[in-house]
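Look at the two complexes coming up: chain A is in both, with chain B in one and chain C in the other.
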Partner chain A sequence: MAKKENMFEISAGEPVGVIAAQSLGEPATQMVLKAFHFAGLKSEIATAGLPRFVEIVDAKKKPATPFTYIAVDKSIAKDEQKLIRLAKKISEIKVSDISRRIVEEFSKGTIILRLDFEKLEANELTAKVVASKIEKLTKLSCTLEGMDVRITAGTRNIKQIRNMAVQLNKMTINGIDGAGRAAVREDPKTKELQLITDNSSLSGLLDVEGIDAYNIYTNDIFEEYRVFGVEAARNAIITELEKLLHESEISVSRRHLELLADAMTADGDVKNVGRRGLSGEKESVFARAAYEETVKHLINAAAFGESDPMQGVTENILMGKQIMLGTGRVELAVKKEDIAKSKKEKK
Partner chain B sequence: MQAESVDFVKFGLFSPDQIRKLSVAKLTVPDTYNEDGYPIDGGLLDQRLGVIDPGLICKTCGARAKVCPGHFGHIELVRPVVHSEFSKVIYLLLQSTCQKCRRVLFDVDSETELAEKVKSVVEAELDTEKTGEEQSGEERVALFKKLKSIKKCPHCGEVQQKVRFEAPSYFYIGGTRMKPDEVKDMLEKVSNDDLRVMGVDPITSRPEYLVISALLVPPVNVRPSITLESGERSEDDLTHKLVDIMRINQRLEQNINAGAPQIIIDDLRELLQYHVTTYFNNEPTGMPPARHSSGRALKTLAQRLKGKEGRFRYNLSGKRVNYSARTVISVDPFLDVDEVGVPKIIAEKLTVPFYITEWNLAKAKELLKRTEYPIVMGIITKEKLRKRITDVNKEEILNALKAGDILERQITNGDIALFNRQPSLHRVSIMAHRIKIVPGRTFRINFCTTSPYNADFDGDEMNLHIPQTLEAQAEAKYLMQVQDQVFSPKNGEAIISNSEDGVTGAYLLTNDDTMLNKEDAIYLLTTAGIFELPEHEKNGMYSGKDVFSMLFPKKLNFDYKMRDGKYLRIKNGRMTDGIMKKETFGGGNLLLAKIALDFGNEVLKEFISKSARMSYAYAYLCGINVGVKEYTIPHAAKTEKDKLVAKAIENVAALVTKYKSRKLEAMVGYTLRKTLERMIIAELDHSRHLANQLMEEYMDKSNHAVMMAKAGSRGNTSNFVQMSIFLGQQATISGGRIRKSYMTNRVLPHLKPGDIGAVARGFAISNCYDGFDPIDMFMYSIGSRASMIYKGMLTAKSGYLQRRLINALQDYQVEEDFTVRDVHGNLIQTLYGGDKIDPVKVELAEVSKE
Partner chain C sequence: MAKNEEKCIVYMNGRILGYVKDGVAYANEIRKGRRNGLLSGEINVSYVNKLNEVHINADSGRVRKPYIIVEDGKSKLTEELLVKLRNKEIDFGYLIRRGIIEYLDAEEEENTDVAMKESDITKNTTHLEVDPAGIFGFTLSTAPYLEHNSAPRHGMSANFIKQSQGVFATNFNLRFESRSYVLFYPQAPLVQTSVYKSVGMQRHPSGQNFVVALSTYYGYNMGDAVVVNKAAVDRGLGRSMYYKMYADEERRYPGGQKDSFKIPPATAEGYLGEHAYAKLGDDGLIEPETKVLEGDVLIGKVAPPRFLEESIGESGLQEKLRDDSSVLKPSENGVVDSVIVTESTGATRVVKVRVRGLRVPEVGDKFASRHGQKGVIAYVVPQEDMPFTEQGVVPDLLLNPHGIPQRLTFGHLLEELAGKSAAMTGKIVDGTAFTGKGSDRVEEYGKILESFGFNKMGNETFYDGITGKRFKATIFNGLVYYNRLYHMVSNKLQVRSKGPVQILTHQPTEGKARQGGLRFGEMERDVLVGYGASLLVKERLLDQSDKGTVLVCKNCGNIGYRDYIKRVDVCPICGGSDLAAVEISYAFKLLLDEIKSMHIFPKIKMKG
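Showing the complex of A and B:
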């Protein structure tokens, strides 16, 4: 057999989308539920297998179990104590993490925050620091009474006080907003120490002194998109899918993942696969109606006077016509009618 | 009326005038049949709307039932009602236009970004007459969002009152409810130019048509009545609903004419609105659905279209076919991989067209004359007349036979057929096979083709389709045949290959010290379909490798480093080193890629089919079977096993004591308790590892189960361990050891509360051979049950995932310049896969590099 230069090239017209979809969808049935563990974090297990696959494809704004691996500067990489200190610096501590309860005194217009001494100790904080931090953040006067922080709300409106109390609970006392809890761990591959957090906040972390901003990894695709842009999001989708498939010991060619990621990010933002994304934004009314929310699409089409070019796969199936992909898009150069015509002309 | 081709479909709204023009009858009587069982004129089954009873003639077109396509009628509503399906659109329009001057609350000439965008879209729409560029959904949403927030009209300065919408069809402006006629008046005042700004095409969709004054009534064909056995007639749900509408409409008219109090009239109008609402969609928000007298909710227009069983997904996206068959499948190693065994009973019923030309007329006549299988079942004449061939008309048809006729011949050996097993998860779930007629009642396939179909023979059924046109046959033959599908588009690896006994047999045959006498060698070779002996012999004996090498093409050269470091070497079609096992012979092996690359798919197919037969034959000669004896371990192993188990339990207990006496040191990033847990798991893991070693030590090479494990065809060491040594640690789905679920801090009442030792947390020490301990049995069941439930959920979830993926990506294709685009030409990828290589050929490309 003659080996030609281009013998491995893909043929024009090949429906690569369907091939990619099938190649990803078929092994999804065989995905095993194998959770993997983290050291030192509250939730030790990360979503894996099919639930994670669905999450990526859905382009969820936040993964169910977000995490970030943070490499540190070479200078402190060997010093575990320094890393622990860095972790403490990053770790986001909310008021709710160090308090026992919040008491609202509506009649006096004050809110009392009862701090938990043990929790404060564990986080190396003192009531004084907390009180001054709250004062700084809320710009309200705070007085310290033992383990109680008394905050003068400056109003007696019940609704406002309640709102304040709720917001107070979510207030970050220490660390980086949205960074989550950080812990030290050993990279199983390189055996180097690094930090891990159970949330993702790249924008906040990048500026922290001591961390290696070039080697941060997060499984939060949207965070990558927000901080680094759509190309990064595309790569994140591919990396995450590849990792996922590798964990389930499923071998799928990378090109299929790339096509999916490119399709999801083709318009410059991350779109999900489904009725709120790729499928829901198709040009064809019929393609949308045949997929989900049939009535809604037909009604809107009628009300706005939309038109359907009838070129896609679904539309042609509905009409019982040939699909314009693969062998269906090729035509004869000389058709039967042409021969008949030329014969007639000869005569 | 029928269109030759459809260039585009334009959606729009019917105006009341268009409805009246389209209608063949104004319906006035809210009833169906009179006492004589005859359709009432002006009733809902008026004969001008078409006929469904055989024998009656349509009064509009004069055709009989089934020929008459049906004609629309209409009902004049005394007072207009809102088309509640469009309520949301009406709400948007009311919000977006000024309450005084009815201009859109937006200054298109203002110099904002949105205005520029809207302007360009509107201009484009006006330029191209029919199919203007659509305003994308996103921009539309953005525009409406903005319009909603505008409080003062930029044109007349009127301050806007709050517009409120209450499902399904009430509109309030500044607190007063609008009647449908008022809504209609408001919508009428909106100008065409303003509608274009909002993305509405005013030519086809004037918004005032969303308030209905003439209701279109579908033809009777759409809502046929059925006659029950008792002779009683049962009407379609739509007819019921239309009767309701007409009744209320009539009552409303009478009341208005009689000058009834306003409150009664308002009530009736509301009732009319309700009936019209449920006529369109019987799942209205905020009110109960209309019910049949039996209590069943009616299936009205929206219900007919919606969902999996609706018109779209059931009838339009899903097609039904003829020329197909379905039955149970079974194996037949004597079929080639590209064949399918079709029972004669099925072959006698399925037909394939024989297109008569002037050149094959004689052959056609010969075929027609046949009285035994395969015979001609029917004929489609040049005039498109379909006739069944019987003994009576055979002679007549034979004489009239001419070029252009098509004979329908029974299928026979060598015809091409598509074979499919559901669920059709990937493209190799449908492949083309050559038909081979077999006795019995089941379809038969070669075992090598089970993996692409994911089939087994425990009662699986499969479908067979006979392509009818020459184009379809050619496509099946040149693109879909089994030998062209050996390599999966998923990863380029071979999915059609030997497995199970096919691998075991080859493994045993190609073992270094396998020697065969002449008789056995001949048996193997002839079974495979080879009728010569290997060149090399030693004292009348043939080596297994040489016998197996007869399957290779003579010029095959192949070197491959196996995982164990040894080499598989094939030189000029003779296997000199290595062994055939899963890695080298089973799914995903590179040998098949090499054969395909150098010799083509036909040779590859021959190799797979023949090697499978030879392997089975040798496995048969060896008498491979597995029984209790394969899992009986010697006494010495047993004592060692007991020691091993005792040691593991002891070690864990020691860890626990260490933990309790606070002597355990925490690992980096772990709490003390978690450190303990990790160490216990590591300890038990180690004991399992030891058990594996123990098993490998005592495993007898002549043990058949061991042979299969070594060949990679079935089983592995951990299976032996579970069978003969212990089940090992049972885990929860989240990966940890089984935790207490019983109230007193233990898994079972038979354990001590708070026990965190090995056995108490699911380390099962019994094995299958000796039988399960009750506690181990329970622990094992926890895992089994969890994984079973999980599996059930997984299939449902992954099915939906695949539907979504396919729907999202189905329009993408590779263009001649290797870009990936959708059918509308939108660019997705600039170079397919980054290297433009066909996913099917990635393995071939890899092999070719060497």
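Showing the complex of A and C:
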């Protein structure tokens, strides 16, 4: 058993990074062709294939199609009506979702919000509720005139009024900030009812009554990083990549993904793989200059009098030295001459 | 703009001409004028519905195509006219002048409803295709049964036809093309099309009818590889001649100097050695029918030196000369076919030498049928080892059957069947696209084959040439017109061990013409790094590339040099003389130089 285990052990000097890069890079080239082959339910059309791969590796702040699966407490898990109510409670409704237009009256110092009756109906809201909510959020006096909400800005400064109008448009009237629209769906695996949203707001959702905070899943890596920390982000990167590769019917050893995720999160921060992340923070001046923005790196190195330790692969190949990986990793601890010298001294 | 909202803008060759009220009626009026001869037939007009604009085009460079005009659901090319056309009472020009056929450009086509066949005509039809096969281009139209092949293969097919070797011009013996290929025994295809016949391609064909069997052969024809019969090759199958022309001119230079054709004197700069000029005549030109090998001089020429100072020799009388002979390119050989001496427009003597080389099909040469089915010879099999039929027929070429279903080139199979029946009857078969139903054709050819005692589907019993055993399955075989393409290994083969390097980087040159190496690129490097083969990386990228030894100052870290007169190493920056010899990539030295040029001062620190 012990022998078998040793067989799988990586030898010293094995260039694991290069192997991981090749193991991930090769299937990535194949994914270009497959990018549009996946479709699902309307709510489940998520970025897949190469675009999603690029998104993860580039450590984009927000995925192109964020979503969250929310499991609910066992007590209400069977009651679809309760779930629908919960979904309504979570669903984020912004002013722009229910209004037709916003009119700014600079001379009077007021902003008029024209509400859309049909949209209000659809969201089970009334003009009254909206007006009181805005009053509460902005702490400005609001008067209701039919379908119009008149907000007294308390200033006649054009810039301030414009800013207010812009902010008003983004204001959340109902639901959780950044949670997106929620809907009820059935988990295809467990056949249990759960909620799905088209955005991610873990911090807001965790406090909502009735949801199972231990069983929330989101594809937004940065949201996990903000709420749960780097370790969670690292795991999220791995699960997201694994899911993606599984969908694309590509099998890559998990170790490669782990190595990539580790490299991206090693500093306690989620870094991308590129000029502003991993590659841009290499120690060697030559290695950085060989990648991108050659002149910038050389000039900065000159300005700060940097010296290149010549420990990496790129810079040693550049100079024509043996690389310090694989067979080049090993060095003699004691040199031949030193042995001869010590022998002489003994004598 | 509001003023013109209901008005339709008329553009003439892209410029605004004016406005009309009803664009459709206006465009129709122009068409009417064109058809009855009031306007030139070269005018095209289109009404753009989306923009409510009329575009009239009468400029050059539009691709146009003829269509039969349809009016009131009836083709204007009546039976009566067709009879007259057949009797040669009228011609195509008559039909155009009478407004029966008109040419449309791409833009006007947008306004039409074209019927493919006369039976497809409806109330709304405006035009009728002259021939449904007209959707194919000229080159492709020479290939048969196009309607049975998949669209991507059409593009490939047309490309291969263009690349085929044949008789490109009947006066090829008098021509001096920079390079040309002439097929030895060209044959007209057994399956032809109307376009093929009407352009007279039978008189200078570009391929041969191969006996093809759809069979594997011991793994030699996997993928797109093909196996050919050696006996057939020896009989002249696919054999061709390759002609290459070398030309030179006695140029005149300012200052009265002049090139001259002659065997260069041994004192000339760049003299190639006596043996290189051995085959030249007294006039410095090679004789026709001389066998020439790589490195042989074809045209001996001396030119005045490149720079003025050199021309004034020490004695002042004897001028130094430069050898500027034309040498046979590396890895080429053949026989001098023809040598001509003429004069250029500038009244200088011009010599053209044409070298010919035999190109017998060999492993690596490329062939293609007219259905986008290409293949490379992987094995030239001795006839006795080829499979043979009961009658003793041995195929010329074995094509792997796996190449057919995936690529959907059923035209290839149909041609095979038609070719076989044509070979039996001795009559050429017509394979023009859309002239018959596929199943009818199979039946027709099958009947002919049956009447000659063959299986109607073209299958035959075969025996293995090596074991003599009968194959359990019958094998489909027939005749297919194959083209030999001009991609031949003997013109592409290239090797390098040591050779020329680039001046700037000291790295090996690139390309066959410069005896170059093959690039060991970034990704290849990554593979070696991935294996941890550190010394192999160094060997490829340094020792076998641009290795150089430089002297590095131990004191200041700059690159110095050795003063061979004083026998000391010198550092030009700090003036020190303690320098170490270091092996680095020459490209790295260049990088250091370039960094210095941008006012950055790099220093090399050394261990110990």
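FYI, the second predicted complex is superposed on the first by the 312 of 347 C-alpha atoms of A that agree within 3 Å, B and C clash if a C-alpha of one lies under 4 Å from a C-alpha of the other, contacts with A are read in each partner's own complex, and residues count from 1 in each chain.
Note that in this section a contact is a pair of C-beta atoms (placed from the backbone, for glycine too) under 8 Å apart; a residue touches a chain by one contact, two chains touch by 3 or more.
The model shown is predicted, which means the values in this text are computed figures rather than measured ones.
Novice: Scan A:Val57 for contacts with chain B and chain C and give back first, second, both or neither.
Specialist: A:Val57: touches chain B, not chain C.
Novice: With both complexes overlaid on chain A, does A:Lys335 touch chain B (first), chain C (second), both or neither?
Specialist: neither
Novice: Look at A:Arg114 in the shared chain and tell me whether it touches chain B only, chain C only, both, or neither; answer first, second, both or neither.
Specialist: neither
Novice: Classify the contacts of A:Arg162 with the two partner chains as first (chain B alone), second (chain C alone), both, or neither.
Specialist: In the superposed model, A:Arg162 contacts neither chain B nor chain C.
Novice: Classify the contacts of A:Pro15 with the two partner chains as first (chain B alone), second (chain C alone), both, or neither.
Specialist: Once the two structures are laid over each other on A, A:Pro15 reaches both partners.
Novice: Return the chain, chain B or chain C, that is in touch with more residues of chain A.
Specialist: Partner with more touched residues of chain A: B.
Novice: Pick one for A:Lys78: touches chain B only (first), chain C only (second), both, or neither.
Specialist: neither
Novice: Check whether A:Met31 is in contact with chain B, with chain C, with both or with neither, and answer first, second, both or neither.
Specialist: First partner only, chain B.
Novice: In the superposed arrangement, which partner chain does A:Gly320 touch: chain B (first), chain C (second), both, or neither?
Specialist: both
Novice: Check chain A for residues that touch chain B in one structure and chain C in the other, and list them.
Specialist: On chain A, the residues that contact chain B in one structure and chain C in the other are 13-15, 18-19, 21-22, 295, 298-299, 301-302, 307, 313, 317-321, 324-327, 329.
Novice: What does chain C use to touch chain A in their complex?
Specialist: Listed in rising order, the residues of chain C that touch chain A are 525-527, 529-535, 537-538, 541-542, 547, 583-585, 587-588, 591, 595, 598-601, 605.
Novice: Which residues of chain B touch chain A in the complex?
Specialist: 5-13, 85-86, 89, 130-131, 134, 136-138, 140, 199-205, 207, 210, 281, 302, 305-307, 310, 312-313, 316-317, 319, 425-427, 475, 479, 488-493, 597-600, 667-671, 674, 733-735, 787, 790, 794-795, 797-798, 801-802, 804-816, 818, 820, 822-824, 826-829, 832-839, 841-842, 844-845, 848
Novice: Which residues of chain A touch chain C once you look at their complex with the stated criterion?
Specialist: Contact set of chain A toward chain C: 13-15, 18-19, 21-22, 295, 298-299, 301-302, 307, 313, 317-329.
Novice: Which bits of chain A are touching chain B when the two form their complex?
Specialist: 1, 3, 7-29, 31, 33-37, 39-40, 44-45, 50, 53-54, 57, 80, 183-186, 193, 196, 251-256, 258-260, 262-263, 266, 273-274, 277-279, 281-283, 285-287, 289-291, 294-295, 298-314, 317-321, 324-327, 329
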